[in-house]
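When the chains are written out, they are named A, B, C and D in that same order, and each has its own residue count from 1.
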Amino acid sequence: MRTTTNPFDDDKLREECAIFGIYGTPDAAAHLALGLHALQHRGQEGTGIVTYDDRDDQFHAHRENGHVGDVFGDPAVMEQLVGNSGIGHNRYSTTGDTMRRNVQPLFGDLEFGGLAVAHNGNLTNAINVREDLVRRGSIFQSTTDTEVILHLMATMSGSVVDRLISTLREVEGAYSLVCLTRKKLIGVRDPMGVRPLVLGKLGPSYILASETVGLDIIGADKVRDVSPGEVIVIDEEGLHSYFPFESAPSKLCIFEFIYFSRPDSVIEDSSVYEARKRIGMELARENPVEVDLVVPIPDSGVPSAIGYAEESGFPFEYGIIRNHYVGRTFIEPTDEIRHLGVKLKHNANRAMLEGKRVVLVDDSIVRGTTSRKIVEMVRAAGATEVHMRIASPPTTHSCFYGVDTPERSKLLAAQHTIEEMRHLIGCDSLDFLTMDGLYRAMGKEGRNNEMPQYCDACFSGEYPIRLKDHEDVSRGQRQLSLLRDAS
Amino acid sequence: MRTTTNPFDDDKLREECAIFGIYGTPDAAAHLALGLHALQHRGQEGTGIVTYDDRDDQFHAHRENGHVGDVFGDPAVMEQLVGNSGIGHNRYSTTGDTMRRNVQPLFGDLEFGGLAVAHNGNLTNAINVREDLVRRGSIFQSTTDTEVILHLMATMSGSVVDRLISTLREVEGAYSLVCLTRKKLIGVRDPMGVRPLVLGKLGPSYILASETVGLDIIGADKVRDVSPGEVIVIDEEGLHSYFPFESAPSKLCIFEFIYFSRPDSVIEDSSVYEARKRIGMELARENPVEVDLVVPIPDSGVPSAIGYAEESGFPFEYGIIRNHYVGRTFIEPTDEIRHLGVKLKHNANRAMLEGKRVVLVDDSIVRGTTSRKIVEMVRAAGATEVHMRIASPPTTHSCFYGVDTPERSKLLAAQHTIEEMRHLIGCDSLDFLTMDGLYRAMGKEGRNNEMPQYCDACFSGEYPIRLKDHEDVSRGQRQLSLLRDAS
Amino acid sequence: MRTTTNPFDDDKLREECAIFGIYGTPDAAAHLALGLHALQHRGQEGTGIVTYDDRDDQFHAHRENGHVGDVFGDPAVMEQLVGNSGIGHNRYSTTGDTMRRNVQPLFGDLEFGGLAVAHNGNLTNAINVREDLVRRGSIFQSTTDTEVILHLMATMSGSVVDRLISTLREVEGAYSLVCLTRKKLIGVRDPMGVRPLVLGKLGPSYILASETVGLDIIGADKVRDVSPGEVIVIDEEGLHSYFPFESAPSKLCIFEFIYFSRPDSVIEDSSVYEARKRIGMELARENPVEVDLVVPIPDSGVPSAIGYAEESGFPFEYGIIRNHYVGRTFIEPTDEIRHLGVKLKHNANRAMLEGKRVVLVDDSIVRGTTSRKIVEMVRAAGATEVHMRIASPPTTHSCFYGVDTPERSKLLAAQHTIEEMRHLIGCDSLDFLTMDGLYRAMGKEGRNNEMPQYCDACFSGEYPIRLKDHEDVSRGQRQLSLLRDAS
Amino acid sequence: MRTTTNPFDDDKLREECAIFGIYGTPDAAAHLALGLHALQHRGQEGTGIVTYDDRDDQFHAHRENGHVGDVFGDPAVMEQLVGNSGIGHNRYSTTGDTMRRNVQPLFGDLEFGGLAVAHNGNLTNAINVREDLVRRGSIFQSTTDTEVILHLMATMSGSVVDRLISTLREVEGAYSLVCLTRKKLIGVRDPMGVRPLVLGKLGPSYILASETVGLDIIGADKVRDVSPGEVIVIDEEGLHSYFPFESAPSKLCIFEFIYFSRPDSVIEDSSVYEARKRIGMELARENPVEVDLVVPIPDSGVPSAIGYAEESGFPFEYGIIRNHYVGRTFIEPTDEIRHLGVKLKHNANRAMLEGKRVVLVDDSIVRGTTSRKIVEMVRAAGATEVHMRIASPPTTHSCFYGVDTPERSKLLAAQHTIEEMRHLIGCDSLDFLTMDGLYRAMGKEGRNNEMPQYCDACFSGEYPIRLKDHEDVSRGQRQLSLLRDAS
């Protein structure tokens, strides 16, 4: 069962980040480490925690490349992270930017005191704002768009909350944020609520987390989702809610249900696991095929394959076995290993597949490279027919809202018809879920094309938030003078 | 789907080792690394490769604590492991013996030249033989029983094969071995064939591997299982087979089918996945219960849960989600993390379980600590009834044949009746598969109590091979003078 | 012969930094590494290099704790430091500030492009300026005063040189600076020239270095000392010199001649070695004593002991042998090792000392702890009389101009009369050089008390530059919100 | 002042090892670490300690590449080395053999219990004995000749002392040994006493050390030198002395006085420092020259230069300054750094040398590469005449007794006349000490050519001990099957 997005999954979209915050508990860091561990699938390159300890009036940080369990399993690290409040972050990064100084949360010593910020999403006007700030005299230390928020707040005036709200009015994009000051934990969700953020409670302590699984692992209860456009401020006096933006239509990312979130998470009252099963059932209804076995491509195809099998009446079987031990260093494999490719992670259950007609169920197709290798492997194991059913519409557009997508030219469905894709992948039939089928699985009557109920830009190309930096690329902006610094 | 035995699974029996060998291929080390990666589940503490390069007439080695993907994903390591033949090893180790010098393969410069040996299993008279060797003047460098084989061969005379056969006549136990010399790759399976060993071929190259998944990953074909008591010698002239022992009844470890082997392996013509499904079906027939959901304890309970669901007609659902990211350093968790325990690895799929009657299917119960926490978690998620079905008989005895088992006093089933166990675990009903049910699932009419068809000592206490060292423990043997050396 | 200031020398004053810059040579980094190696004695905690490569229009950096030979002896590091211009830095740090992000050169992406800065000295109003900058919106990443210069320049307007000159008018203190931009290498010496900085040339390339030994190692020629208050700008068009400050009296640190600089350096036309010999001769004239041997405390006491011997006519002998292998980790010795203390570094040459009257010559006394142990060791070796002569006046005041001095309460000479010091140290006689004797050794007629020719504040307490931050300490300033971050 | 043999000194002979042992003191490891630190100059590649703790009846070890201060400055390492007795070792190694498993002391679990052995010197029949042992069934783990002793002892019978004495009768060579068992510390010096070994006492604890400086650092008193051919056994009952060999003439290595030993050591009642001064005086008498300055090549040339200056009446001055910071990684310098060569370590004191006639004094010439560069550097600094005087006879032969010497073809004096050498080095005159002059400086009337009082084979080619392995090289022996194992 998928709970992970392995860095070897280069044929998947990758969520950029997880965020987590907690206020007012004796051992904040241990709760943060556990919450980040439960959210590991949202970002695996690096992880960081900043705590604040009101006894010594001091912020403490540890940020490092690596998995949560490795970085924060070290007792020497944990015992330095004293404090009763804190925020944490897991991150993905694109090639060349794996510098440690980009690992969040970021921290600055501002006029009012220390401020730490962690961020899931993407600011679509970050380059523009950064240029203005540099002209004004701000010196950036990282290449993350998160640092824009820190510098804007430094140059604003007024209380922390005033500064934050003024800052948010300057930036555009899809984001969920957590901020930590000496006195406050703050959570923000962008006006359209593209990225998820949930509020929880454990005894007297409030928690903010990207997904409910971050609450489950520490035994916290979900209070509610943070609303689109909401700023939640938690301090000694309790919780305060602000809505500083004009009202905007909700645009939760529908891909959270298809792939990003863990199946055991609940987003805006929908179980991800059940949504995936219903997607599988819709897929079976829209695209039936006569087979002997319904086989998931593990782990992410499992719930939709169960739904597909249930609806179609054909048996669900593990015809492909996944090896979870793929180490991080196999990420840069030798040529010999690269050649063997997909087998590092998947192996055909030959005894099960031999002589059978098989339908493979997967969540999505990005580049299609893995799909092709898996079909080849399944055929080599003796399957007589190999059909493929994809539990989402064709992925035809890049995401600019915090997901690491290839350029359009690398997206198989942006370049090819379905029949061409079938041919390239080498399966006997290939079908995708329709857009309406997807919305039906989400409990709607279908997609409201006037005002889509979710952000589905990766399927539709309809971007609900302006892409300012992207549009400016051709205008020839100021070049950043970056320091290439291994350390 | 389980392919792994995570070190955090302290409530599982642990296989001690995997072995792999290849002869006559341009890049032996890459094939060894891949084969060992596919066999990672059999040993996760350390891994090692020794190659022989006939161009420079030199042996090359790298042995280190860690996962295969981490140790052999390093190009700097791989490029030193030149050679066209080699053997490799993954190992578990019990506490206190994680010294790097114990990581196999072991190597010695003998009269005839270099010899590397790797070993899966346990020699039951190793301490006795070691004492004789030390008296004779042999100096041991490790605490592994494998080194006994190396030293015995050094003190024998004749050809390598003569020395090996003479050596094997001196040792008792359950073992599969691979040996490498300048000219030969040799594989051995003990007279009763307790541990598996399979022969494969890739083009002109012969391969020896603990399981067929080691062949699959490099695209090799299975030739046949190495027979119990067989010595296979591979050299320039091809393959030679010797049977130097008196004929003995076959006693393959039945736990390989229950838990140790990967589901996609085939042992002695039986698919492990299908055996587990049939075990689940037998379990459903012997111990039916009226429920809403059949829920596996992932990953190892999945195939038997599918079988249970198929036979019982109740729906199979992922009511528990597994997080595969548990880092190695979380093995020594802080108190805070320990308290939260099982949640590092498993989370209840709350939306699925609420208000449901559930039967949990697991492969076995060792200490029972995890089972208790999972039942508690499933109840907390709102399940109205929680039944438990175990896909094997009660584990009542320790293994002395190469599996890391707790002492009998720690085995829940050795100390308690099933009703007591049910009470301790906190489920509404608890049932185990019968011994005959297990043998039926393996395709027999039942257990032949005169001459059991498998080694089932962990369930029956009937040990097919003499436990010489174990019997001598009370006799007060010579104490080893060991060096405590971190390096 | 002393060339080093070992970190174990906790009884010495410690120079805070070395700086080095080079413009227009094919392999700037190799020259920087060599120059910094020659200047290792000025700072041993960490070292850093920033280069600029005009082919890829990119800055490259490596900054790390450790010695130059260890950090930049790594070919993998060096091959990343491509470029034809660059600056480098060695640093000392006081306890608690050994954070890697404090290792210079510092770098910022300013409106005009990248800027790297490295600094030897101390800004005496850095905290005041920093507060203003934070209020304005600047976010500091380090705790070094150097960062103030970077931020001031970011908030100024005009060309790089305009911004730098405006910045220098805002700061007070003793400093030598090197700056690197895409087009320029810039060197600055503070208005009074407290810290040294020398200009050299190697073929067409200009070099800036803290001492001439940095030129010698790469075979460069000395052009001249940078003048007090001079800003030197080197670019494609050659060298430009600016004098933006009002004229001020020269106040070179006299301790550079006593201890900080290498003996083979030449500062403002004076050979350091010869200055030390003349100091020893003055010391012999002022404080003669009848002995059998003149014994230096190696390495720093050697040249003055040679001068003392020459002047007094008593033989110079190595009665104390120094072990140069004291590793960095012995810095935090176990109790057992601490107890044995001074012997890690010095051993009495027993055969030489036995039965002899000895005068020990050392450069200065700070805390006096080492002096006491050495006298004890020399007596234990059988010396019949142990006299001590110090080649400088009593060190009675802290330095605020870039030297790591203990607080006055820890300075032996600030708390005790010379007779008390003699008693505490346990020698038969103790004498210091007079202030006039010191100035005579420097070629003056004596100290001009109206307008001393050097900064001698550590002996006289007369501070030529205002100590603004120090004076404000009691006024209760804004507290920095610092992040305690091991990484 | 030289106390070190820096690995960058590739133009010096290198002592192979230091040994140290202590019996019966509460914190043996701290004393061992200090003693090894004082003996660092005898071996800098790796260091190791084995202790025995009679409370837990356990041996403890740590062996690692690196300097003593770095390896044993780590408190985590030291706290594991519990015990009241122990032995330690510093080692040099020739290229390719820097494997960690070669770091001594070696350890074996023999019939009578644990045995650790450390060794300074070289067994001249080690390969022959090793072959016999391998034929017999011994498995070697290292490539050190020390392991021969361990294996011989394992195959002998009788008490530890009986086994050791029988073993010593089988081996030939120059060696000092320390051995540790559960009950005993044993020291051995070869029959001719080529390598030094001294007995000390600290309270009730006996100590064995390569040089007296190892006693000085822990405050121990020298009892006496261990005699040539003596076996000293220290246990609960005190000290026992055995002389198992036939009487042989004493042949202490004369190079210990010229270069290997620290100047503050005393060997067989001679102060090394004073011996070197007398050598310098002899040199001045034999080879006078009219100069302005006597300049040592630091550090090793300092005492003989002082002697030369004293005898000649010309002033002693530090015309060359040594930088002690040369890191270990500069050992493999980049091309740029290699080109600059000698300047990493030595710099001309230009102000001192300019316009002067100079005599440079060095201890010996091996390859001559450094000498040539230093002469060039001194000339470039403006010296008008550069004469060179060497404080030993020409080094014409390789050492086979535990010193790392180049082959004869690389020894400058083996290939060239003195006039040719002078020309190659580029000095105005070059003279060496005569053999008789050397013996006179040692207090003899001259060399007794019938029966030389020291081993002077490196000057004379007269090898007092048979070179069995060396003679057999052409006979084509069995090839070792070695494992190339980075770990």
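The rule is short, and it goes like this: a residue touches a chain if its C-beta (ideal position, glycine included) is under 8 Å from a C-beta of that chain, and two chains touch if they have at least 3 such contacts.
A quick note: this is a predicted structure, and the numbers were derived from the prediction, not measured.
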Checklist entry - Hey, which chain ends up farthest from chain C, C-alpha centres compared? => result B
Next on the checklist: Quick check: how many Å separate the C-alpha centres of chain C and chain D?
Outcome noted: 36
Item to check | Inter-chain centre distance, chain B versus chain C - centres from mean C-alpha coordinates, in Å | outcome: 62
Checklist outcome for this item: Expressed in whole Å, how far the mean CA point of chain A lies from that of chain C is 51
Next on the checklist: At least two partner chains per residue is the criterion; list those residues in chain D.
Outcome noted: none
Checklist entry - With chains as vertices joined when they touch, what's the shape: line, ring, star, complete or other? => result ring
Checklist entry - Which two-chain combinations qualify as touching? => result A-B, A-C, B-D, C-D
Item to check | Residue numbers on chain A that touch chain C, as the complex places them | outcome: 50, 58-64, 77, 80, 100, 107-111, 113-114, 134-141, 150-151, 154-156, 182, 479-487
Checklist outcome for this item: Per the touch rule above, chain D residues touching chain C in the complex are 1, 3-4, 27, 30-31, 33-34, 37-38, 40-41, 44, 67-70, 73-75, 78, 213, 216-219, 262-264, 266, 271, 273-274, 298-299, 302-303, 306, 310, 315-318, 321-334, 336-337, 340, 343-344, 347-352
